[in-house]
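There's a structure below that I have some questions on.
Each chain carries a letter (A, B, C and D) given by its place in the written order, and its residues are counted from 1.
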C-alpha cells in the first residue's frame, strides 16, 4: 500500500527533527536536516506514484538539487565556524540571546 | 508481494540508519548511518517506479553529498576532545520523542486517510529519464532555471564563506 | 435725515496711522534716532486731526433733530457665522461725541505736554507711537457700533496701557506692573466677552441675522428674558470693574503709576479708565430695566470710592495718592450710573478728565522739577519755586474736593443728589463721607508739597518751573477744571443742564424730582463736609507736619489693607505653585502614568520572555516543535 | 484651476523630496525645496481664490485604485478642509527660508511631510486618508530622531508609538465603518461622501467612535493624551516643531470634524460634553503648566496644547459659530503659535539657549525681532484686530450657547494665555540685558521679508476675517445640519412611537 511509504516518510521526518533538536554537534544537525529532506522526497515520490503523474518526481529532483546546495553551504559555514571558534558545539553560537 | 517484502526490509534499514544518525556520538559514524539510510531510500524509490530519482539518489545523495560530508569530517580531523559534550543528549531525545509523538500520530493519521492503492511497478516509461525530461523542460522550465541559478549562487556563496580571508578583513 | 457718513473712520484711523508711521520709524532707526522734533510733529497730526473731525461731527449732530441724533458708518462685514453678523462699523451719537470731544481735546493737550516731559528720553519715538496707538484704540472704543467692535478698542487700550506702564522696561517692577494691568484687565474682559455672548444668544432670534450693533440691540432689548438680561448686565459690569479699576479688580491702577506721568494723566485718569462707565451708560437701556444690576453697580462703586479714599489718605507717593483718588472718583461715577443717573455719571467723567489730568500733569511738573522724586514727605515749600504749578494744583484740588464753583462740585453733587432723590440715602451718606475724605487727602497733598519748609534742601534748590510747552496745557486744563462745571448747571442754579440735555437721546434716564429744599440742604451739607476735610488737612499738615510711622488703622491704610498681599497669597502664588507642581510632579507622575505604565509593562514582559531566548538555535527549534505538537493535538481532535 | 491641481500639489513635494536627495549641495537642496513649496503655495492660493464657497466638494479628482474593495484615489476640497489646506500650503515656504541650513535629507523629509499632509487633508477616501496620515509620521520620526535635541530618541519613540497606537485604533474604526456600509448596502466603499449616509450608534459603534476620537485626540492632542507633546515639541528641530504645531495638529482637528461628526453623529452628540470638558481641562491645565516652564520652547509646547484645547472645545460645542471659530482658529493658531516656534528656533540658533533665566533685554538689541515676536504673541493671546481673536470669540460665543457654565470656563482662555506669555515676554525681551542676550543680532533683511507676510496675514485675518469665513461657513452650516439630522430623525421617531401608544 502506498500509504505505508508515506508513513515511513513521516517516521524519518520525525527522527530528523529529533536529531535537530537533541544534538549539539553541528555535523549531526546538518545531516539530520538532510534526513528530513529525504523524508520529504520520499513523500513526493510516493505521491507521484499514487497519482501516476511525474510532477512529484520533478519536485524530488529539485529538492535533491537544493539539498546539494544546502549541504555545500552548510559545510562551508561549518568550516568557517570551526575556524573561528575551534568548536563544533552549536551552543557556542548564541548571538540570538535576548 | 515481493514488493511489500522488499519495502519492509528497506524501511527497517532506513529507520535503523536514521536512528543511528541521531544516536551515534561521532559524526563519522552518523554520516555512515545516513549513507545507509539513503541507499535504502534509493531502493524504495525504485520500488515506486521512479527510475531517475533512484539514480539521482544514489549518485547525488549517497554519492556526492555524503562523500562531501565525510570528506569534510575527515578534513577537520575531529578527535574525541573536539566533540561537544552532550551529556543532556538523552534527556532531549526522550523529551523530543514525547513531543513528536502527537505530531507523528497526527501526520500518520492524515496519511492513512488518503485512499491508497496497491503498489506495483508502473510500465510505459513512467519515471524514466526521457519522460521525466520532457515534463521537466515543458512544464517546469522556469523552476529549473531558478534552481540552476540557485546552484550558481550557492557555489559563489560557499567560496566566499569558506574561502581564505585576508588578515585585513578580520 | 441721512445718518450714514464716510468720515467717521478718519477719527480713529488718523492716530492709528500715526502710530504705525512712528512705530516703523522708531523701529528702523532706533540705533541712531531721528530728531525729536520730527517725531513730535508727526505725533501731533493724529490727535489734532481727530479733534477737527470731532468738531465736525459735533456740529453735524447738533443740526439733527434731537430724537434721531446719530451718525453711522459701515465699512465692511467684519465676520458673520450663522446668524451672528458683525459689521465693522462706527457709530456716533451724543454720548460718544461727548467722549470724543474730551478724549481728543485732552489727548491733544497731553500730547503737547509730553513733548516737553519726554524730551531727551531714549525711546522718544516709541512713546509717541504708543500714545497715538492708545488714542486710536480709545476712539475705536468710543465709536464702535456694537459691543464687538468696541471690544477692539477695549482690548487695544488695555494693550497700550500695558505697553506704556512698562515703558521703562529695564526696571522689573515697571514691567510687572504692566503685566498686572494687562492680566487684571483680562479678568474683566472675560466678563465682558461672556456678557456679549449671553446678550447675543438672548437676542439672536430678535436680531434674525441682522447686524449685532447698538441700534439693533436696543431695538431687541425688550425681548430679553429677565434672567438673561440681569446676567448680561452683571457680566458686562465685571468687564467694567476691570477696565475702570473697581473693587475687586482695582489693584492694577495704583501700580500702573509706574508709567510716565503723562500716561497716567491720559490713560489712567482721564480716558481709558472711564471706558467702563461709558460702557454702562451705553447699555443704559439694559441697566435701566434691571434695577438690581444698577444697585450692584452703585454699591460696588460707592464702596470702592470709600475704600480707595481711605487708602489715599495714607499714601506717601504723590502719584499713588492721585491714583487712589482716581479709583475713588471712578467709584462715584459708577454710583451715579448705578442709580440710573447716567448723565450725572457721564458728566462727572467729563469734569474729572479735566481736573484729574490737571492734577496728574501738575504732579508731573513737580516730579520733573525734582528729578523723579515722588515721595511727598521729601517735598515741601515748593510754592515759591513753582507758583504757577501751585496755582493750577490748588485749582485741581479744589475741583477734586468738589468745592464750588469748580468743576467737580457740580458733577459730584449732581451724583449725590440723584442718589438721594432716587432713595438711595445710604449711598448718599457714604458719598458725602468720601467727599470729606477726598478734600482731606487732596489738601494733604497740596500742603505737604507746596507749603511748609522744604524737607529736602538739595532738590528744592534745583527745582524750577517747567518749560512753556508743559505749562500751557496746564493752564488750559486749569481753565477747564474751573469752568467745565458750568456746562451742566442744574436747574437749582437756574441753569439749563446743557450736557444732560445733549446726552438725553443716548441714555434711557428717568429724572426724579426732589424738592428744592432737600437739594439745597444736601448741597450745603456736602460743602460743609468738604470744608471740614480741608480744615483738618490744614491743621494737621500745613504748618508742622510730622512724618511719624503710622500705626493701627492708618498703618493698614498705608499698606492698602493688604489686598495685594491677599491676591498674591491666594491667587498668584498658588497659581504659580500649581504650575510648577504640574510640570514637576503631576505631568510626569500622574498624567503620564498610563504611558509610563505601558512601557513598564512591556519592560517586565520583555524581562520575562528574555528567559526563553537562550540564543541557541536548537532551543528555538524546540519551541517550534512544541508549537507543532500542540497544533497537532488540536488538529487531530477535528480529524 | 486645472483638473489635477490637487494631485500635483500632493505629489510635487513628495517627488521633489526624493529628487532633492541627489542634489549636489545642501544649499541647492534648500533652494529647490523653497521653490517647490512656493509652487505649492501658488497652487494653494489659486485654489482658495477659485473656491466658490457653496459648501460642496470642489476640485474633485477620483480614480479607482483597488476596485475590488471600492477604494478610490479620491481628492477634493470643501469648506472644512479649505483653511487647513491653505495654512499648510502658505506657511510652508517659511521653514526653508529662515533657520540654519540642514542636510539634504532634512529638506527631503520636510517636503515629504508637506506632501503627506496635503494628501491627508484632501483625501476623500478613508483609505487614502489613512495612508497619508501614516506617511505624515515618517518624516517627523526622522527629523526629530536625527536632527533633534539631546533627548530626541526618547521623544521620537514616544511620539511615534503614541500616534501609531492611535492610528491603529482608527484603522479598526475605518474598517468597521466600511463594513457597516457593506452590510447595509452590499457594496464596498471607503468614499467619505457615501459613507456619510451611515449614522452609526449603539453597540460596537460606540467603541468605533471612541477609536476614531482617541486617534484624533492623540494627534491634536487633547488632555490627557498630550504627554508626548512637550517632549516632542521641545526636542524637535524648530522647523519640525513648527510643522507639528502649525499644521499637523490641525489635521487631527480636521479629521475629527470630517470623519467623526458625519459617521457617528448620535454618538458624538452624546459624548460632546465629555470631550468639551476634556478640552477645557486641557486648556486650563496646559495653560497653568506653561507657567512652570523654564524652557521657552517647552512653554510654547504647552501653549500650543492649551490652544488646541480651545479648538477642540469649539468642535464639541457643535454649533455654526463655534465650529467656524474652530476652523478659523486652526489657521490663526498656525500663524501665531506656529510662528513663535520659528522665532524661538532663531533665538536658539543665535544664542544656543532657550532658557528663560539666561535671557533678558532682547528688545534693546533686536527691536524688529521683538516687535514681530510681540505681534505673534498678541495674536496668540487673542487680541482683537489680530487673527487670534476671531476664532476665540466665536468659540466662546458658541460654547455659551451650548452651556453657560462651560462657556464661562472656556472664557478662561483669555486669562491663562496672557499670564505665562507676558511673563515670558518680560523675562526674555525686557528687564536688564543679560550676558547671553548681548550676543543677539536683529533679524536680517531676508528674515524680515520672510516673516513680513506672516505678520500681514495675522493682521489681515484679524481685520478681514470675513474673506475666509465666507468661504468656509456654508460648509460648516451643512456639517452642523447633517450632524443634527439623525438626532432629529430619532426624536421624530420617538414622537411617532409615543403617539402610537
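Just so we're on the same page, contacts are C-beta pairs under 8 Å (C-beta built on N, C-alpha and C of every residue); 3 or more make two chains touch, one makes a residue touch a chain.
Please read all numbers here as calculations on a predicted model, not as lab measurements.
Participant: Which pair, A-B or A-C, has more C-beta contacts?
Facilitator: Result: the pair with more contacts is A-B.
Participant: Taking each chain's centre as the mean of its CA atoms, how far is subunit A from subunit B in angstrom?
Facilitator: About 6 Å separates the centre of subunit A from that of subunit B.
Participant: Taking the mean of the CA coordinates per chain, how far is subunit A from subunit C in Å?
Facilitator: The answer is 92 Å.
Participant: Which whole number of Å gives the spacing of the CA centres of subunit A and subunit D?
Facilitator: 58
Participant: Using CA atom averages as chain centres, what separation in Å is found between subunit C and subunit D?
Facilitator: Computed value for the inter-centroid distance: 36 Å.
Participant: Two or more other chains in contact with one residue: find those residues in subunit C.
Facilitator: Where subunit C meets two or more other chains at a single residue, that happens at 622, 625.
Participant: If a residue has to touch 2 or more other chains to count, which residues of subunit D qualify?
Facilitator: Residues: none.
Participant: Among the residues of subunit A, pick out those that touch two or more other chains and give their numbers.
Facilitator: Where subunit A meets two or more other chains at a single residue, that happens at 17, 21, 23-24, 90-91.
Participant: What are the touching chain pairs in this one?
Facilitator: Contact pairs between chains: A-B, A-C, B-C, C-D.
Participant: Applying the document's contact rule, which stretches of subunit C touch subunit D when the two form their complex?
Facilitator: Within the complex, subunit C contacts subunit D at residues 23, 26-28, 30, 76-82, 84, 88, 148, 151-152, 154-156, 159, 162, 166, 169-172, 175-176, 178-179, 182-183, 186-187, 189-190, 193-194, 196-198, 200-201, 231, 575-576, 578-584, 587, 591-592, 594-595.
Participant: If you look only at subunit D, which of its residues touch subunit C in the complex?
Facilitator: These residues of subunit D touch subunit C: 158, 162, 223-224, 226-228, 230, 285, 288-293, 319-321, 324-325, 361, 363, 367-368, 371, 378, 383-385, 389-390, 393-394, 396-397, 400-401, 404, 407-408, 411-412, 414-415, 418-420, 422-423, 426, 429-432, 463-466, 469-470, 473, 476-477.
Participant: Considering the complex alone, what residue numbers of subunit A touch subunit B?
Facilitator: 1-8, 10-19, 21-25, 27-28, 30-32, 34-35, 38, 41-42, 45-46, 48-50, 52, 54-55, 57-58, 60-62, 64-73, 75-80, 82, 87-91
Participant: Help me check something: in the complex, which residues belonging to subunit B touch subunit C?
Facilitator: 96, 99-100, 102-103, 105-107, 109-110, 113
Participant: Considering the complex alone, what residue numbers of subunit B touch subunit A?
Facilitator: It comes out as residues 7, 11, 14-15, 18-19, 21-22, 25, 27, 30-31, 34, 37-38, 41, 44-45, 48-50, 52-53, 56-57, 60-61, 64-65, 68-69, 72-73, 76, 78, 82-84, 86, 89, 92-93, 96-97, 100, 103-104, 107-108, 111-112, 114, 116-119, 122, 126-127, 131-132, 135-136, 139-140, 143-144, 147, 150-151, 154-155, 157-159, 161-162.
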